[in-house]
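See the structures that follow.
Two complexes come next, and they have one chain in common, chain A, joined by chain B in the first and chain C in the second.
Up next is the complex of A and B:
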C-alpha cells in the first residue's frame, strides 16, 4: 500500500448508549478509493459505529481521524467574519436574481436569497483549522457533512413528503454553489433514471428500491469524499439488491471511497476490497474481502454454509 | 390546492376597497384593523407551529413584548418619544431576541415538554408585565400611545383633504390610514412567508419536521433551524403587538396578552390549516371575526327582535366559548387537517387518500421492474 495517510482512521473508539458500551476499543482504516465493508450480526454495533463516525452518537473514548482534502479546507478553513458573511448575503442576492427577468420572480428569489444569506451569517460559523488528517469525533454531526463525509442512514430515511427533487436539494444543503447543485441533480438523474422520471413525486410514494437509490443519490449531493452506507440492502428484493450493489461498484470506479455496513455478507464481500467482521462491538477478523469470502469460519458464521 | 390560494388576492382587493364603499363604517374599519393584527399574530405562530412542528403555547408573550416595546418607546411618560416606525422595528428585534434567548436552552426538550416550557414562559411574561408597575403601569397599561410622525411626514400635515369616507380614520391622530398600513403589512407578511416557504430554509424546516436524524445527516443544524423559526415567529408576533398598541392607542390591560390569546391563536392556526398561510388567514377571520364582530351583531339583532334584557343565555356572546369548543371538537373529529390544509400535512393525516393513487404508480413500477428481467 502507498504511504499516503488513510482517508479515515478510527482508533480505539468507544461509544454506547446510557450505561452500556456498544463499541469496545474499535479500530479500523479506510484508504482512498477503497470499498471497505463491515459485516456482523444484529446488535454487533454496526450502525452505532457509523453513527459514531459521523458524530450522531458521541464517542466516549478514542479518535476518529478524517483526511480533509485541501479543496474542502479552502471552503471552510478561511476566516470569514461578519463582513465576509454580509458580502456573502449580497452575492447570494445577485446570484439569485441574475438572469430572471420577471419582476415577480425577482422579488421572490430576492427574498429567498436574502433570508438564506441572513441565515448564513449565523449558520456559517464553522471553521476548520487545517487540511490533512483531522480529528472529527468532536465536530457536530451537521458540520461533519461539510468535511466530505456523507451517510445514507439505515432504513433509508428519505423525506417522505418532500418531492424527489427536493430530497436531492436537501442533500446539497451545505453547498452554496446553486448552479453546480442543479448540474449535480441532473447527474443523479443520469445515474438513476427512475429518479428523473419521478422527480416531482413525494419521496414516500417511491418503492423500497427507488427510495434506497434516492437515499444514495441524496448522500452524494454533498459531494463527499467518503460515503457511509448503512445496510443498503435492507428489505429489498434480491434483484434490486444486485442493482444497488452495481451502483456502489460503479461509484467506486469513479473514485468514491465507500464504507459499507451490511448484513448481506456475501454481496458485501463480493464488491468490497477489504472487510472487517464485527462481533459484539469488537473487530474479530479483518482481511482482503476475497480471503474473508473463502475463510471457512466466515462461511460458516455469516454465509450459511 | 390551486383554488385555495386564488381567493386570497381577491380578499385583499376587497378589503382594500371596503373603506371606499358607501356602506362602510369607520367603526367596522377599526374592528377589521384589529382583525388584521391578529392575522399577523396567527401567521407568526404558524411559522413556529406549522413549519417546524413545535407546539408553542406562549405566542401571546411576544405579542405583549411587542406592544410594550412600542409603548415604552413612544408614550410621553418615558423620555424616548420615537416615531412608530422605529418603535415597530425595535419591537420586532426585541421580541425575536427574547424568543431566541428563552428558547435556546430548551431546544433539547421534545414534544409536550417544550410546549409546557413555552406555556410557562407566556405566564411569566404576563405576570411580569402586570407587576412591573414602574415600567408598565400595571393593569392600567401604557397610554396614550401617540407615536411621532413617520419619517418624512411633517408634524402637522393635514390629511383631511384626502379623507376616504366620512369620518374614516380620524380615530388615529397621526396615522389616519392605519387600516391601510396594517392591511398592507399583512399582505407583505403573506408574500414574505410565501417566498420563505419556497426557499432553502422553508424546505429545511419541512425536512426537519419529517426526520431530524436524516436532516442532521444531510448537514442541517436542527438547533439553529428551530431557533430561526422561533426568531422569525417571535419577531412577527412582536410586529403584531406593535400594531395592536398603535391601533388601540394604549397597551391596554395586560389581560389582553394572557394564555387565552395564545390558545385562541393555536385554535385559529389549527382550524384554518396548520402550515398553510391562506388557511391560517381564514381561521383568524372566522374565529376572531366571530369573536369580535359577529357576536356583537347577533347580540344586537336578538336584542332588537326579542328584547331579552340582560340575561346572558339569550345572548350569543354568552354562548361564545361553548360554540368555540364545539367547533374545535367537530373539526378534530371530521377534518383534523383544518379547513384549508397544507398538502404535506394532509398526506400525513389521511394516508388512505394516497392509497387510491398507488395502484397506478405500482403498475408503472411493475413495468420498469420487468424490463431488466426481460433483457
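Up next is the complex of A and C:
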C-alpha cells in the first residue's frame, strides 16, 4: 500500500431517513487510481451511501474525508474582491458573536441569509481553507462537486427538457473556463458518438442506454478526481452494459478513480480492483475484486451460483 | 367580492375605446391588457416551476409596486402632465421603470428569505397558507398607505393617436405598453435560454437533486427566481398605472387572479405558456366585453379555463408533471 492519504475515506458513517438509520457505522476507502465497487442487494443502502458521500443525504454521525488536490484549492482557496472580503467579515463576526445570545443569532441569520444568499446570486462565495484531506460532510451539498467529486446518480436523473448539450453544460456548471468546457463537450461526443448525433435533442427523448451515457458524460464535465457511479447497468441491454463498462475501464486507465455501486455484481467485480459487500447498511466483506469473484459465499449470494 | 370584480371591469372600461370601435380596437386593447397579465403571470409560473409554490402574494406585490411608482411621481413632483416638461416626464417614467422593479424584486426575495425559506421542507399546504397570509399583509400595507378608495395615477403618457386611421386608434399609451412588455419578455426568454443562471433555473425546476449534484446552489436559483418574478411584477405595475391611470389597494387581488389563471391556462411552470395564457385572457376578456357584455366577460374567461383544463389538464403548453421520488 502506498503511504499517500486515500482519495476518499468514509469513517463510521451513519445516515438515514426520518426515524430509520440506513447506514450503520460504515467505513470504506478509495485510493487514488482505483476502481472500487460496492455490491449489495436492493435496499442494502448503496444509493444512500453515495448520496451521503455527496451530502445529498445528511450524515448523522461519522466522517467523509476527501483528499482535495492543490489545483482545486488554488481555485477556491483565496478570498478575492469585494464579495470575498464581505464573506470574510461576516464569518469573522459570526465566530466572534457565537456566544452572545441575541447578537449571535442575528449575525448568524444575516450571514446565512444575506451573505450566502444574496451575494451568491452574484458570485461564488465558496472558500476552501486548505488542500489535502477535507471533511466534506461539512460542505454544502452543492459545493461538494467543486472539490473534485461527481456522481452519475441512480436512475440517471438527466434534465429531460434540456438538450443533450445543455445537460453537459450543466455538468460543467461550476467551471468558468468556457473554452475548455466546449472542448470537453467535444471529448464527450468522441467517447459517446451517439450523444454528438443527438446534441440538440431534449434529454428526455433519449433511450435508456443513451441517457446513462449522458449521465456519465455529464458527471465527467466537472473534471472530477473521483467518479461515483450508481447502478450504471440498471435496465440496459447487455451489449450496452458491456459498452458502458468498457468506458469505465478506459476512464480508469486515464487516471480516474471510480466508486461503482452495482447490483450486477459479476460485471462490477470484473472491472474493479477491490470490492465491498454491503448488507443492510453494514460492510460484511471486503477484499480484492478477483478474490470476491471466486469466494463461494459471494458466488452463491450475488452471482447466482 | 362581486362588487370588486364589477369595479375593476369599470376601471378597464374607462380606458376602453369609444363606442362604435371595431374588432381590431378590442383586439388591441385585449393584447395590451393581456401582455400586462402575462408579465404578472410569469412571476407565478417561474416560482411554481422552481419550488411548486403558488405565490398568492404575487398580485399584491404588483399592487405595492404601482403604489411605489405613484409615490415616485409624487416625490419628483411630476403628477400632472400639462404642468411638466417632456424631459421631466420621461425622466420620471424611466425612474419608475428602474426603481419599482428593483424594489419589488428586493421585497419578493426578502419575503422568500424570511417567510417561505424556513418552510421549505414543510408540507406544501403550509407554505401556500403562509403565502395567503403574506397576501393579506401586503394588501393591508396598501390600505394603510393609500386608503380604501381608488387613487388617481398620474396620466403622464398622452393619448396621441399614432397611426391616425379612422377605424383603429393606436395611441402612444398602447405603444408604451408594447414597447416595455415585449422587450422585457424577450430579455427574459434570452436569459432563461442562454445564460448559465437561466439554464440552472430550468435544470433545478426539472430535477432539483440532480441540479444540486451539478453544483447548482438551489438557494441562489430560488432567490434569482423571486427577484426576476418580482421585477416583472414591478414593470407590470408601472405600465398598468400609466395605462389605466387609477390604482387601489385591491387591484392586486383581481389582476393577480387573472394572471394566475393565465399561468394555469398556459400550463403552470411553463414560461411561454404564461405569456400565451395572459394574451388569451386579455383578448378573450375584451372581446367578450365588447360583443357579449361586460358582465359576461369573466364568465367566458373562466368558462374557457374550465373547458381547457378538462381537455388539457396541464394547460395549453404545459407538460410538466415532475416525477415524484
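Rule of thumb we're sticking to: the second predicted complex is superposed on the first by the 263 of 305 C-alpha atoms of A that agree within 3 Å, B and C clash if a C-alpha of one lies under 4 Å from a C-alpha of the other, contacts with A are read in each partner's own complex, and residues count from 1 in each chain.
The rule is short, and it goes like this: a contact is a pair of C-beta atoms (placed from the backbone, for glycine too) under 8 Å apart; a residue touches a chain by one contact, two chains touch by 3 or more.
Please read these numbers as outputs of a predicted model, since none were measured by experiment.
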Side-by-side fit of chain B and chain C on chain A, or clash: clash
Partner chain in contact with A:234 - chain B first, chain C second, else both or neither: neither
Which superposed partner A:146 touches (first chain B, second chain C, both, neither): both
Partner chain(s) touched by A:207 [first = chain B, second = chain C, both, neither]: first
Touch count on chain A, higher of chain B and chain C: B
First, second, both or neither for A:135, with chain B first and chain C second: neither
Which superposed partner A:194 touches (first chain B, second chain C, both, neither): first
Residues of chain A at both interfaces, chain B in one complex, chain C in the other: 54, 56, 116, 140-143, 145-146, 150-151, 153, 157-162, 166, 169-171, 173-174, 218-219, 222
Of chain A, residues touching chain B in the complex: 54, 56, 107-108, 111-112, 115-116, 119, 122-123, 140-143, 145-146, 150-153, 157-162, 166, 169-171, 173-174, 194, 201-202, 204-205, 207, 210, 218-219, 222, 239, 243
Contact set on chain B toward chain A in their complex: 191-192, 195-196, 198-201, 203-204, 206-207, 210-211, 213-222, 224, 228, 344, 347-348, 354, 357-358, 361, 365, 368-369, 372-373
Residues of chain C touching chain A in the complex: 109, 113, 196, 199-200, 202-203, 206-207, 209-220, 223-224, 227
Touching residues (chain side chain A, partner chain C) in the complex: 54, 56, 113, 116-118, 120-121, 140-146, 150-151, 153, 157-162, 166, 169-171, 173-174, 218-219, 222
